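Shared between the two complexes below is subunit A, which has subunit B as its partner in the first and subunit C in the second.
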Partner chain A sequence: MITEIAPAAEPVVSEPARPGKRRRAWDEAPRWQIYLPLGIYLLFTLIPFYWILLFALRPAGSTSLVPWPVTFDHFRKVWTERSFGTYFTNSVYVGVSTLVLTTVVALAGGYALARFDFRLKRGFMLALLCSQFVPGALLLVPLFQIFARLQMINSLGSVIIAETVFQLPLSMILISGFIRNVPYSLEEAAWVDGCNRLTAFRIVVLPLLRPGLIAVGSFAFVHAWNHFLFALMFLSDQSKQTIPVGLNTLMSSDSVDLGALAAGGIIAAVPVVIVFAFIQKWLITGFSAGAVKG
Partner chain B sequence: MAQAAAVAKPPAPPRRRRASATPRRLPYLLIAPAALLMLGFIAYPVLSVFYYSLQNYNPTKPWRNGFAGLGNFTQAFAHDPQFWDTLTFSAKWVVAEVGLQLLFGLALALIVNQSFAGRALGRALVFSPWAVSGVLTSAIWVLLYNSQTGITRYLADAGIGSYGTSWLSDTSTVFPAAVVADLWRGVPFFAILILADLQSVSKDLYEAAEVDGAGRLKQFWHITLPHLKDAIVLATLLRAVWEFNNVDLLYTLTGGGPAGETTTLPLYIANTSVDAHNFGYASALTTVAFVILLFCSIVYLRLSKFGGETK
Partner chain C sequence: MKSSNRRSRRAAVAVALGSVLALTATACGDSGSGSAGDKGSEGSGKGTITFWDNNGGVRTDVWKEIIADFEKQNPDIKVKYVGVPAASVQSKYDTAIQGGGLPDVGGVGTAMLAEIAAQGALEPLDSRLAKSSLNGRLNEKFLDSVKSAGGDGKTYSVPTSANNGTLWYRTDLFSAAKLDPPTTWTKFYAAAGELTDQAKNRFGYTIRGGEGSIAQALDAMYGQSGITSFWNGDKTTVNDPENVAALEKYVGLYKKDTPSADVNNDFTKMVAQWDSGTIGMLSHNLGSYADHEKALSGKFKGIPNPTLDDGTRVQVSNPVDGLGLFKSGKNKSAAWKFIEFAASHEANSKWNESAGQVPANNEAAQDAWVQASEPTKLAAEALNGASTKIVQLPYYLPDWNTISKADNEPNFQKVLLGKMTAKEFLDTLADQIDKAQADWKKHH
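The block that comes next holds the complex of A and B.
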């Protein structure tokens, strides 16, 4: 079969003189078996991105498949006339607050789960797992009532709390896994040297948690940035709304301004795609460190 | 409790730590913020949904409010064909999405786990849709599918296919069209999780298998797949729950249409509570959705013998 073909595409430098350098068979896939499927999949991934870029950059009414001449009119229009400038600020506020709140609260809880045995621990873990099955979308009405009673409707605080609450369980499970991977003896050694628990944690454990915290934090940010339904339901004032709600408004108006919609989409995508490009490596190492060992 | 204090005590501290008395209360203090948030904003809403499911409750028709017993449930199961339609569609949606995401996500993870030139860039590009929101995904695919602005128009200009209508407004094409749009964003998520787990496969296993003369296919079947099993079970379960509950994409992409063709149960519930203000009935439907999710999850974990090897 195809898979049995020896990797002839690349001369196998087996160098029998260096036994330690032997390459794994798994790595010896013929190049075309990598590049062909990857290339096809890349087309599927990138054409949609290209399409929206095309509509954002070419003048209205143009049917050219190349965005030339480039115009930034759509961006100018959507940023000022369609108040994406305001939406952007609100989304940044919601995203960053959710990130900070989720990480801090999950760090505290995760530490307790990783380092102590206490009576309610099993029950608490079970509650965390069960909460994964609770659909936020189905709790819209009771959540709305709660926030109304707290006078928080139309305030970004309601969205931040709601996003944080649904990010917390998974974040805490992941973080407690990361902490468990740090040997307890490191902390104990710091105590012997005269540190209290908090200082020992800050100096010894926290630096080692960096990849995991970056993964969890960016996860929380991207979710809060992207999530649509809570903002749609809890924020009625236009000046309080976030980017996904703004996009939905653009999409559902009677005569859709495609240029503005595409430009708004680019504005929505750029921050998260940049965040993602930076954290991608940590995301994979972070997940493999926390999720697997559990 | 005494045990906790003992565990937390450092071996032979030279001087008494200030914190030595706290560990008894410390773990509770540490989980308190998380526990309070979850009690207030998850547990309480869930309980109130259970409560309202037994009530007639509609703020626009207050004269009919009151205890309903199981009336809402019999209404759903016996007299509401839309409930069954949306439930069936939800099942179809979850199975199609999770199955295809697993298939493509696994393949993608295996490919980008190889070493090849340009791997870092390749990974960043294929994973990038993961970061994009459901609403933006909708916006992009609405453009792509539209007969005026989409790909079909340019293909038709070049003599391939016909101009026709948007795939999203035709009842025979809307399902695959919506599935593909959600795959675009969902496959990278799966690939990332599986890739993360692939990194932890011991390389010695492959070397041993190679010495034994096992080919790449055999190595995949006997080493990689068993290693990934728990991660796959967990990822498919989380993803299934997530796909079941996710309303962002379908709400904005098709709005549940055309002709209610793509309305999932959660979308139906959202419409019942938000547009029709029928909170009591929506709560009963929500309760049914909970029970179904929980039941399916337990059956799935049992059938897949999750974590079975460790015991």
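The block that comes next holds the complex of A and C.
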């Protein structure tokens, strides 16, 4: 008896979706369906910015809806009379120092969390996460007392340390995620080639962490740049105050110079916008890479 | 690989050294001195004192001028000026009271005096004032406000100026509509209706629905009801039926004669809206005069709150600003000299002319600029006149700021939006005030 053996059914392999097809479907969509919602969203986003520009560039008292004639008086006023030049320098100093310190310390801590197993590691991670729930205002008095004992009240160092400490937990968690994404075998291969751990890290791992470092660094910079509370509380000398405090002094209890406030706002926003314009590519890569594995 | 090891070590050392150097370079501050518990000392009357301006920024220039004049007259004393943003001054004082770093002299308005005095941070100034050249030269009503706000009848700050609720109105719009100035509440409501044309985006009035709404609502409410005291025995009068009716009428203006966006109006938005739009009237205080002058020069006037039809004006007390001497100061005699100077005729006149407010120094209040500035002159007359009844708000209650801001501003927005009645709102407010008063009485 001959038994016919039916040929094994070929596995059904679903054809991978061809991106070209999807693209064509998009291409076939009427343009207005794409551009109309985008245009509305853009208007919604940009109108407040237009108002800031309008107030900053039109003369005081003008009610014109276009900034014409253009005046730079408000910029001149805040930069010279309201000491924004000094505030700007101080903010750059605080922002850059916080960026450097946060990145360096987070890199070391993040590496330890990613590559070493130690007792209470989970507890430590949990503590780092929990520290994010403590508002800065709650710690003002103890921090003030600590800095007072260190003779650091009225010094930019106090703000830099406080900002760094508050940035570190999240930065360490993020960086450890990025480091976990770098295969351990790469480091092991470098050790086989004669590198020690630090060299292997510097030569092999560090270059791969660039998007992550940029994400963490830019976050630290922007947060330190915009943060108001620590600068207000720890710095009393006018010549040491930062941009957010300066902006607040443009609003008195019963009067606001809107032109000066708008000009000050633009001065405060420009560095952040420039930073994001340069790093957006790495920032998106950085966050998506860090999101894969935490 | 050895060389790369060395490079790594060098890099690590360089980063560590860089960090240490950066922090060392910035760590040249000071420890700050004096928390609420420190007793301080009279000092030598020479050296440096620190002054915190509670309204830093806009008033910085005039303070620097006054400080320069003071230092010229007192070459042994240097004044370190610190401008603190008005919105954050309370938290800055609170942190320094707990953690140290209080100034020698600080700007303290009656709205925050109770809280700071209750923490024992301010020195009573009655005996210094009695011996001072300022004795008898300061406005008695302002001094009474300061004593009342301190909570125990002592003078914890030397008054320097007072603000006053002002009804700003557009003279051009009133003339075009052939309307009388809104000097009475009847004329106010009539004008609000006449000047509104929603289709043309023209409104008769702009109401304050956001931050700071409660004081303004109370001002309008007591002004119309004619009730002249905040207390009836141990119970507040805020929810008196006449006040409820007055508030209902006032809130009825919302959306009818005001823009609907007013529900979120803090003073900044309200003033900006009035200065750049077509709105007939605005209730604010003297402080926004300069902003109106820039935007609407020659097209507006400011008068005190409208009166009842019989000419009686009732208004709530406005915060009196002043200078406090901090107990923890190490050079109180120099600090007191500065306070005396700042409250003297010339300096007080200079400051108030710049701020457009009513001087606390009686001689300064007679100066030509006060007579020339109509809103300030009318405000001074209203504050000092016999026909004006002032309802003293309980600034002495340590909870007053919380009750009149965080606790009840959202409720006032609900009233505007019709989600709460005026009576429910005022009953809630009254209940909280009565409890705070009872609690305060237990300790005094």
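Note that the second predicted complex is superposed on the first by the 255 of 294 C-alpha atoms of A that agree within 3 Å, B and C clash if a C-alpha of one lies under 4 Å from a C-alpha of the other, contacts with A are read in each partner's own complex, and residues count from 1 in each chain.
Methods note: a contact is a pair of C-beta atoms (placed from the backbone, for glycine too) under 8 Å apart; a residue touches a chain by one contact, two chains touch by 3 or more.
Everything numeric in this text was worked out from a predicted model, so none of it was measured.
Asks: Looking at the overlay on subunit A, is there a clash between subunit B and subunit C, or do the two fit?
Replies: clash
Asks: Please indicate which partner A:236 is in contact with in the superposed arrangement: first for subunit B, second for subunit C, both, or neither.
Replies: second
Asks: Should A:192 be classified as contacting the first partner (subunit B), the second (subunit C), both, or neither?
Replies: The answer is first: A:192 touches subunit B but not subunit C.
Asks: Give one of first, second, both or neither to describe whether A:152 is in contact with subunit B, with subunit C, with both, or with none.
Replies: Touch partner of A:152: subunit C, not subunit B.
Asks: Can you tell me whether subunit B or subunit C touches more residues on subunit A?
Replies: B
Asks: Thinking of the overlay built on chain A, is A:277 touched by subunit B (first), by subunit C (second), by both, or by neither?
Replies: Only subunit B; A:277 stays clear of subunit C.
Asks: Considering only the touch criterion stated at the top, classify A:71 as touching first (subunit B), second (subunit C), both, or neither.
Replies: A:71: touches no partner chain.
Asks: Would you sort A:138 into first (subunit B), second (subunit C), both or neither based on which partner it touches?
Replies: First partner only.
Asks: Of the two partner chains, subunit B (first) and subunit C (second), which one does A:202 touch, if any: first, second, both, or neither?
Replies: A:202 contacts subunit C only, not subunit B.
Asks: Does subunit B (first) or subunit C (second) touch A:248, or do both, or does neither?
Replies: After superposition on chain A, A:248 lies in contact with both partners, subunit B and subunit C.
Asks: What is the contact status of A:89 with respect to subunit B (first) and subunit C (second): first, second, both, or neither?
Replies: A:89: touches no partner chain.
Asks: Looking at subunit C, which part out of 9-17, 405-413 or 423-431 clashes with subunit B after superposition?
Replies: Comparing the options 9-17, 405-413 or 423-431, the clashing one for subunit C against subunit B is 405-413.
Asks: So subunit A touches subunit B in one structure and subunit C in the other; where do those two contact lists coincide?
Replies: Residues common to the subunit A contacts of subunit C and of subunit B are 137, 140-142, 145, 161, 194, 196, 228, 233, 248, 250-252, 258, listed in rising order.
Asks: Touching subunit C in the complex: which residues of subunit A?
Replies: By the definition above, subunit A touches subunit C via 60-61, 63, 81-82, 93, 97, 100-101, 104, 137, 140-142, 144-145, 147-158, 160-161, 193-196, 198-199, 202-203, 228, 232-233, 236-238, 245, 248-258.
Asks: Residue numbers of subunit A touching subunit B in their complex, please.
Replies: For subunit A paired with subunit B, touching residues are 1, 3-4, 22, 24-29, 31, 34-35, 37-38, 41-42, 44-49, 51-52, 55, 65, 105-106, 108-109, 111-113, 115-121, 124, 127, 131-143, 145-146, 161-162, 164-166, 168-169, 172, 188, 191-192, 194, 196-197, 222, 225-229, 233, 244, 247-248, 250-252, 258, 261-262, 264-265, 268-269, 272-273, 275-277, 280, 283-288, 291-292.
Asks: Which residues of subunit B touch subunit A in their complex?
Replies: So the residues of subunit B touching subunit A come out as 1, 3-4, 7-8, 10-11, 13-15, 17-19, 22-23, 26-28, 30-31, 33-35, 37-38, 40-46, 48-49, 52, 104, 107-108, 111-112, 114-116, 122-136, 138-144, 149, 151, 154, 184, 192-193, 195-197, 199-200, 203, 206-207, 209-210, 214-217, 219, 231, 234, 238, 241, 244-248, 251-252, 266, 269-270, 273-274, 279, 282-283, 286, 289-290, 293-294, 297.
Asks: Quick check on the complex: what are the subunit C residues that touch subunit A?
Replies: These residues of subunit C touch subunit A: 1, 4-5, 7-9, 11-12, 15, 18-19, 22-32, 50, 52, 55-61, 80-88, 91-92, 95-96, 98-101, 103, 163, 267-268, 271-272, 276, 284-288, 290-291, 294-297.
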